[in-house]
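Chain naming follows the written order as A, B, C and D, and within any one chain the residues start at number 1.
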């Protein structure tokens, strides 16, 4: 789960990391009032949870009330990489001498947290990582002990950060790690961490992603989640509690188990089609869950057809088939061709139960995928 | 012969009194798994499907000589259950639980490195040595005893491939579902090493997916140290960067690491044929058996 | 540093460990009012930092106001194992079915914390440990991870505590460990931890000793220290910042370095004398520190003589001698014979500087100790 | 030959810019210690007594190939300095600092067990190989090169015994002040083992005191594994229970463990003569050399 910049900044500021003066605004009027309060120049920043907002026109620095009004008017309501901008953060535009980068994440390869520091802040850090890996200093953290004080200093000095601000930057890094650890962060990042002409350290951007699996013990952060805007279908998937990813193609895909669904996507592609989505309904075969999954794909205007791929394990094929039948009963008409393939426990029995007037039944994964791809082509043409 | 578990493995089920625990204990018993105990705090003295329950794993071990556990404990308490299993010095611990916070797993993994325990999972379907025992939630009926080892990050995809293998007459020595989380106990390399040392395994199917670099590490191991032939499959060729594809670990990072392409190339460079479809994997296995 | 029972209980209660209703009283009137407020029966408990208060008559359970008055009158102001009782804790007398024991301490032998649990609470736990070691369950804690939840339960179940209260007792133990860890405990103990007829768990006594070396980061606990009563000379040593222990003999001992001072004590004993104290002045040779040390021993009416044993290392013998001379200048008359022995760096020069009219100078440790023992005997007779 | 340190040991002084650090750096340099660097956060680029200062220990090691450190960092930061020294993979770390919180040391000790570093101290006077090098605050002038190894929990008591040894013509191979704290890095057994393996050490003086059971463990080691003869001394025979005698570790527990009597008996049972006075210890050494 991603926090908005303004939410992450509040978290950081509460923990003692210096952030610029700022106010959240939902309307142009609020934005202008905020800008007047703060004093010009200010930055007007779109609050959407995507990277590269600046390049996409979601951030503007303004020098006057007229400019502030114009910027807020333009940014509020704009579509930014598929997200609707409903809020802007109006923020004191910090004068700076230097832009640094600090972050914390989990290095899954070694199973340990890693903190990263670079003097190459303010730019796309992944480009820096690709072109000049030595410019980013990494320090792994022993998860039993946490980040030692010396490690923060070591990382900061190794990155070549000016000794005048080294202790302050190390302190920000330690605080950021502490937050990450206490608040179950997945990623925490400050880019840029500005160094002003007076050698003050200020977090001008703030990223904090929470481990979804740990939201149960971060109730206040879990509540923030509901404020999220974003893609309508993905929001619906969230409500239904599906693992769902929207894609560009026209073959809707429903299956049980992440690996099997991914494989179904790959096979759609392999047989010349294009997947419209990833949708894992997980274990179980309740009619409601099946109906919700169908609703997802039926609501997706890009999807021309649906392939339903279930491998029964502990779950029984006959129960799944009953679930599908009941789910289909909920739709007056079936808007898109549905191909079903059942395998595993009681699959034969299941296929006999299915209503072939409403769904096309196939015996193997290959056949099902090819049938769905073919059906999509027919609808398309 | 087999790896990790066999008919002599004495199993304690952690979380046996929960819904999942009860159901799969019955399933495992029916498959023939030698379940000797359950462990649930405060439930000592009870029974589930005739299996005695103890308050602690160490109590269960003391009374029943259990040497392995299966963990059905909910995510919030899973790490503590795993620490308890490590403390009890079990040989094998299979963690079924999905949704363990990654920082919890990082700490478990830290301590795991100081023990001799094999942890499988979390978020895995389990381990089965067909005809002998299974620790987990695998549908035993699709497996057959045989000489193909199987290692997979995925559940139902494993079933698909096993189904194809069994249908074509290739039984399995042991199948290990290593799990789909970013941090897991037994990784591909460790599982491959076990199969390499197992005289009853003649070929191995490695079933990977996007995310992380474990398949690349496996390719390097196969290239440098392994003699048993391996056939591969990688799920997620069409996955876009930055999106979590169901499994917490199945995500191609924005910087492009963890792609299916990178994994397929690494495996093929190591001489591992990688199937485009599950069916093709079985063709490759058939080729290996010549 | 030891907390008083009432201070430790406040700490425990704030952390969520159930404690009985209680009030602190400094006068008989306060005690009676408190007892009335709480309702009889109540326990009236001397607040002094020594063990075995009950056996020594420092705790009394009373059923009425008259008894409360009598008990408070008797206990307030009493001398309890050398400590003057200035405060009593008046506390609801808990009815109980069972008395347990839980504690946390550092096991120096393995370098790790250890938690202990026993069903044999309410009695002298060291006697239990000696007679029936199996009755106390020990669980070592990995200091990098802290006490795992399962360990608290394991200890409680291994100790044979009734399953009905096991989870509550484990929870108290976990909380106690957390406190010990966060507040730099040396020892934390609840004995007895009462189990009432209703299966409520209540901490009826509370011990919490803080690691003196960690007081710098426990400022609120460090402040409590000043409330301590206790031995006057030990309080003075505290002010002077000396490592000091008062003993029963008549040969006062001053030296530099714990091992050397202990050895001087041992040699006094070996040569037939009895040490009056342990006093380590540590490094350095400032006249003021030397004068303070002499003041300590001169103030001790049991000490008949003083042996001053300094081994100069980095510290120079001549500077020490100058310090001794200057220190002696501060006393109009020297009330007790002083024997000085200097060794190590510049010891010869030092001995030449010393004023043999005021101190007796000896060349070896053996000679100095024998001289001091002999002098004490002369004074004694 | 010697143990732990010799003339080739390359030393970084942690906390070199503090009062203690400056003073003892000068003293050590005068003794001949090969001090190649200092390490103090924020002080990189400065010099102390001609020794270059770095911001981090790893920086110092990278630039100067230091392989040992002496720690003069104040108690509040000492644990972090020790973690930093362990991270830098030094061979020997000597912690002079007195007053390190015991829980901090417990964590340091936990991590120390996973490294190959020898930590001496904290709250110790240091380690000296007379005529070659000394890491610490020991008065070099009372030591003489020779063949007696010395291990002690105490500072000035060590000087007293060394003084007696040197006066009687018994020089020292190495003297190790292991420190007076409850939790220390190198204990008696580890130090004894080093001397046992040192061909230049013909006899060892073990100078213990009340508190803990380290002397008892030493006695068991001497009894079972050691050939080099040992002479002993125990301070604190007259110490009452429950009182801390200066050193944080020098305390006889209320339950009677840690007494001088127990230690003396253990050593004598292991064949170690225990002197009643420091002078008698030297007599015993003289006997050992026949």
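Rule of thumb we're sticking to: a contact is a pair of C-beta atoms (placed from the backbone, for glycine too) under 8 Å apart; a residue touches a chain by one contact, two chains touch by 3 or more.
None of the values given here were measured: they were computed from a predicted structure.
Taking the definition of touch as given, a chain qualifies here only if it contacts chain A and chain D alike; those chains are C. The interface holding more C-beta pairs in contact, when A-B is weighed against B-C, is A-B.
Taking each chain's centre as the mean of its C-alpha atoms, chain A lies 28 Å from chain B.
Averaged Cα coordinates give chain A a centre that lies 57 Å from the centre of chain C. With each centre defined as the average position of its C-alpha atoms, the distance from chain B to chain D rounds to 49 Å.
Counting partner chains per residue, chain A shows two or more touched chains at residues 142, 144-145. Touching of two or more other chains is recorded for residues 107, 111 of chain D. An unclassified topology is adopted by the chain contact network, corresponding to no line, ring, star or complete arrangement. Chains touching one another, given as pairs, are A-B, A-C, A-D, B-C, C-D.
By the touch rule above, chain D contacts chain A in their complex via residues 41-42, 44-45, 55-59, 77, 80-81, 83-84, 87, 107, 111. Contacts from chain C toward chain B in the complex involve residues 142, 145, 148-151, 153-154, 157-158, 163, 166-167.
By the touch rule above, chain C contacts chain D in their complex via residues 51, 106, 108-109, 111-113, 126, 129-130, 142-144, 181, 184, 186, 211-214, 216-217, 243, 245, 247, 255-263, 265-270, 275, 278, 280, 311-314, 343-345, 364-366. Residues of chain D touching chain C in their complex: 23-24, 27, 75-76, 99-107, 109-111, 125, 137-139, 141-142, 152-160, 163, 180, 182-183, 207, 209-214, 235-240, 243-250, 254-255, 260, 276-279. Listed in rising order, the residues of chain A touching chain C in the complex are 142, 144-145.
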